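Note that the chains take the letters A, B, C and D in the order they are written out, and that residue 1 is the start of every chain.
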Amino acid sequence: MSFFSEALWVLLLGSLLGLELIGKVPPTLHTPLMSGANAISGITMLAALTLIIKSGDNLPLLIIGSISLGFALFNVIGGFLVTDRMLAMFSRKKTRK
Amino acid sequence: MSFFSEALWVLLLGSLLGLELIGKVPPTLHTPLMSGANAISGITMLAALTLIIKSGDNLPLLIIGSISLGFALFNVIGGFLVTDRMLAMFSRKKTRK
Amino acid sequence: MTFIAPIKFAIDLLAVLLLALGIKGLSKVRSAREANRLAAIAMMLAAFGVLLNSQGTIGISINSWIWIICGTLIGGLLGALTAKRVPMTAMPEIVALFNGCGGMSSLLVALGVALFPSSESSDGIVGELIRNFSIVVSLFVGAITFSGSIVAMAKLQGWLSTPSWTQSKARHFFNIFCAVLASIGGIYLLIDGKNGLFLILIASSLLGVGVTLPIGGADMPVVISLLNSYSGVAAAAAGFVVGSQLLIVAGAMVGAAGLILTQVMCDGMNRSLVSVLFGGALGASSASSGGGGGEYTNITSCSPEECALSLEAAERVVIVPGYGLAVAQAQHTLREVTRVLENADIEVTYAIHPVAGRMPGHMNVLLAEADVPYEQLKEMDIINPEFPATDVVLVLGANDVVNPQAKTDQSSPLYGMPVLDVQEARTVFVVKRGMSAGYSGIKNDLFDLPNTSMVFGDAKKVLGDLLLELKELGVGSKG
Amino acid sequence: MTFIAPIKFAIDLLAVLLLALGIKGLSKVRSAREANRLAAIAMMLAAFGVLLNSQGTIGISINSWIWIICGTLIGGLLGALTAKRVPMTAMPEIVALFNGCGGMSSLLVALGVALFPSSESSDGIVGELIRNFSIVVSLFVGAITFSGSIVAMAKLQGWLSTPSWTQSKARHFFNIFCAVLASIGGIYLLIDGKNGLFLILIASSLLGVGVTLPIGGADMPVVISLLNSYSGVAAAAAGFVVGSQLLIVAGAMVGAAGLILTQVMCDGMNRSLVSVLFGGALGASSASSGGGGGEYTNITSCSPEECALSLEAAERVVIVPGYGLAVAQAQHTLREVTRVLENADIEVTYAIHPVAGRMPGHMNVLLAEADVPYEQLKEMDIINPEFPATDVVLVLGANDVVNPQAKTDQSSPLYGMPVLDVQEARTVFVVKRGMSAGYSGIKNDLFDLPNTSMVFGDAKKVLGDLLLELKELGVGSKG
């Protein structure tokens, strides 16, 4: 039970926290926020990593894990970079102000 | 480790959640909110309960536990009632509006 | 037995959810009352969960039940009685009292566990260390919470004054000394789990006193809110001690939320937390310096009779209640006066400044007690544009909240605080006992203005006189 | 080894803290950029923690390292390239693509675990059940996220149109059918942990397509945000599958935050989430009905030449960019036109409506790309009072955001949405290709007003013509 009780606590509190974290967001930030949150959801790369590490010599599993990792990193790296590009546009303009 | 790892997760997330839960509070609600939060902090009554239950036949421990429980319940019951009294004043006026 | 653990677990999760909703709801006017009930239900649920789980696993002996019921009944009854009896104006001190008891409860749990360590614990050396650390935190924070809250209550009740030595720098040395002693005790206890126990208790109790005693009565609400946050921390520590996740979450939530609330309250009165905690008593220093910041040159003073005459001739009257009205307990007399005016078809409204008085919402509570209809209470932003069209403003024991310096004088400590623009009205009467300053200790430029007249005297006494004069003039007697 | 577990644990806690700060920071303009970096650092930390922990405990074989590095390099490089290459205007579709890949990743993990269950699991029957349930959730949500996101991207890129059958009620039956199939597969898988796997995969992929396909391109940002929230859920489910608390917290946070963001976005465009999801395409139905809601009776149309003449004579010009400008990719031409006007000492500002275009902040990004100085961009609340003092307003491919119905006509679906009051200006030119309606499919009363003239044509083309005319007139040529 121990892992699951911990997991459920963490799930409950994490969800509540997520609901509270975002309050009023100015419309100009909707797209960057969406894209940043999207990059974070690529955290599933940790699952892919774990899968690969635990798969030992099981080749199909290694391949599945590796593809999964690739997808996740595509999401993460692309997501953060693209968010940064968007935000750079805003902040470049901010500083000129 | 398991209890403590769970406890630390829960501590971290609970604290973050607490920081986020309260945003803008109108000044009229400061006192009731303080008093309500104060009542909730009497949750330590659970610790007192656990202490009593686990103390078996150890009389001094039973007495300490019972006093502790008394203090906690003084805090909890008094706190919630007094908060309700204050809020009743506001809402009584609200409905008349 | 296999069924009980998951049920207890589900109850805990639900309780935390409800508590979070409760805290959130308490910060909105519309939902506050239900939120308070929700939180109460959550607490009941949580207690039920503990009892159920214990009954189902290790069992609860008759002996335990007796002590549980004793503690519950005595504590609960006393709490309920206190809550019912206390007058609305004594809210801050009563919250302080409750809060101190919460801290005491956490302290006692830690004390019990420290004195009679259960043999079952088998978490290895790390577990032992964490447990002892929790005991230290629980004792330390619990003691500070308790002694600090009791001092806060005593000061607010007027049982304790501010001794002059506490205003000197010496107090900082005293406090640091106590903190060092408490730390030494803590380290002892960490190492062997028993020694140092009473050193911590005594040193941290003294620390609580030493920190709270120098703080002026007016800053007390902030201190109480901070101590409330501490009692959350103490509860979380107690959670580590007895091994309850629910306690840890709830304690952490209250602790963190209390911190934010403290900050919000400080912002509301234009003070910083640091200056509240270490700056000493504002009120004390200002009381000794008399007016503070410049002399009054052009004071007009008048009798209640003249004031009554102006009121009789007015069409729109605005009442500005302040701290002095609360101190004088004059809200009921005020209500009688305004009833008379209303009978004479004079329009009466009350201008409520958000931080008038000494606790947030003080004026709302005060006037609600005297049965003033809610529609007549107007918030600052709404009433401010109406002052130019007002004939008479009656300022009753308010001072800072009507100080025009806050808008005009950049160098004033009040600068930036929103205030009521009473000087825009045709005539302003200020009822106070003398020329001494308000909470901030600052001269009030309003009193020097040509359209302001002072009516000196205790608010209750002056309002009583006013009532007589108005009756003598036949105002509002429907004839 | 005893050291590694606590370190890994501390890293996990820190990562979650940073992620929370990141999400919070991203919702404020001032801190957004740093917050994004913070989140990226948190992710790196988290990955490092997993590698460290595995290396220290079970060890990572060379084989595993190779596959890890392969996956990382290929995925990372492709992601970086895509992120650098994509034009700013294609943001929504690219976010959809990334998001879909995140969902696919969770799906593959669950698939791997389901196909090759590790023998080590020994949590008893309850543990098994929870694990299988997580696999089902991960597959289901991951597949919906993937197929839905890909469809969203394809529709935004114009690779897919909205088939007419998807606008009929039949689609609801199709979707319900898929959902039922997926549930059956889920129950199978729950029971024996293997069968039903592909049934779930296929049915939920079809469900993702069936739900997303009928939605109009304009509502896509909301759908993408919702799918993003789903991919958080999928990540949390994957966390249950592989037993990682960090993944569960992070997934839950993103899932919940995404839900709130979706709601905030809906509010911003005056739509409800339910109508977005189940209402079908707004654009599609309005396109077929032509103008929609009444006929135009008093349209004045004019040539770019006349428009140029008016501009030449103006002192204050306000540009209102809209969706059409983005579609026509006319921002650079626009910038050239405004440069010419500025050279002629005509004051040019841009009125930015918060939901102009098809994604939030669309216009800011678009104009920033064309190097429009930030000071010239004015938000709705600031520019609205300035329209009466404006000589010429140039509405470029905007429609709903300048529709006065939103203020005057209570029965209009737009009623209540804040709009730009361009009709207050002396002259208004509206550049669009024809008389068809905007996103909401509603007639625009502005076009009928006497001070409004239409300039028909593609925005880029009209602006090019305008540029020629202005040069011919010698405007801004410093002579």
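By definition in this document, a contact is a pair of C-beta atoms (placed from the backbone, for glycine too) under 8 Å apart; a residue touches a chain by one contact, two chains touch by 3 or more.
All of these numbers come straight from a predicted model, not from anything done at the bench.
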Greatest separation from chain D - chain, by CA centre: C
Centre-of-Cα separation between chain D and chain A, whole angstrom: 17
Inter-centroid spacing, chain C versus chain A (mean Cα positions, whole Å): 42
Centre-to-centre distance between chain D and chain C (centres being mean Cα positions), rounded to whole Å: 46
Two or more partner chains touched - positions in chain C: 16, 20, 24, 245, 249
Residues of chain A engaged with two or more neighbouring chains: 1, 5-6, 9-10, 13-14, 16-17, 20-21, 23
Chain contact topology (line, ring, star, complete or other): other
Chain pairs that touch, as defined at the top of this document: A-B, A-C, A-D, B-C, B-D
Chain B-facing residues of chain C, complex: 16, 19-20, 22-24, 26-29, 32-33, 35-37, 39-40, 43, 46-47, 50-51, 54, 58, 60-61, 63-64, 67-68, 70-72, 74-76, 78-80, 82-84, 86, 88, 91-92, 94-95, 98-99, 101-102, 104-106, 108-109, 111-113, 115-116, 118, 123, 126-127, 130, 221, 224-225, 228, 231-232, 234-236, 238-261, 264-265, 268, 354-355, 359-362, 364-365, 368-369, 373-375, 377
In the complex, chain C residues that touch chain A: 5-6, 9, 13, 16-17, 20, 24, 245, 249
Of chain B, residues touching chain A in the complex: 2, 5-6, 9-10, 13-14, 16-17, 20-21, 23
List of chain B residues in touch with chain C within their complex: 1, 3-4, 6-7, 10-11, 13-19, 21-58, 60-94, 96-97
Residues of chain B touching chain D in the complex: 1, 5, 8-9, 12-13, 16, 20
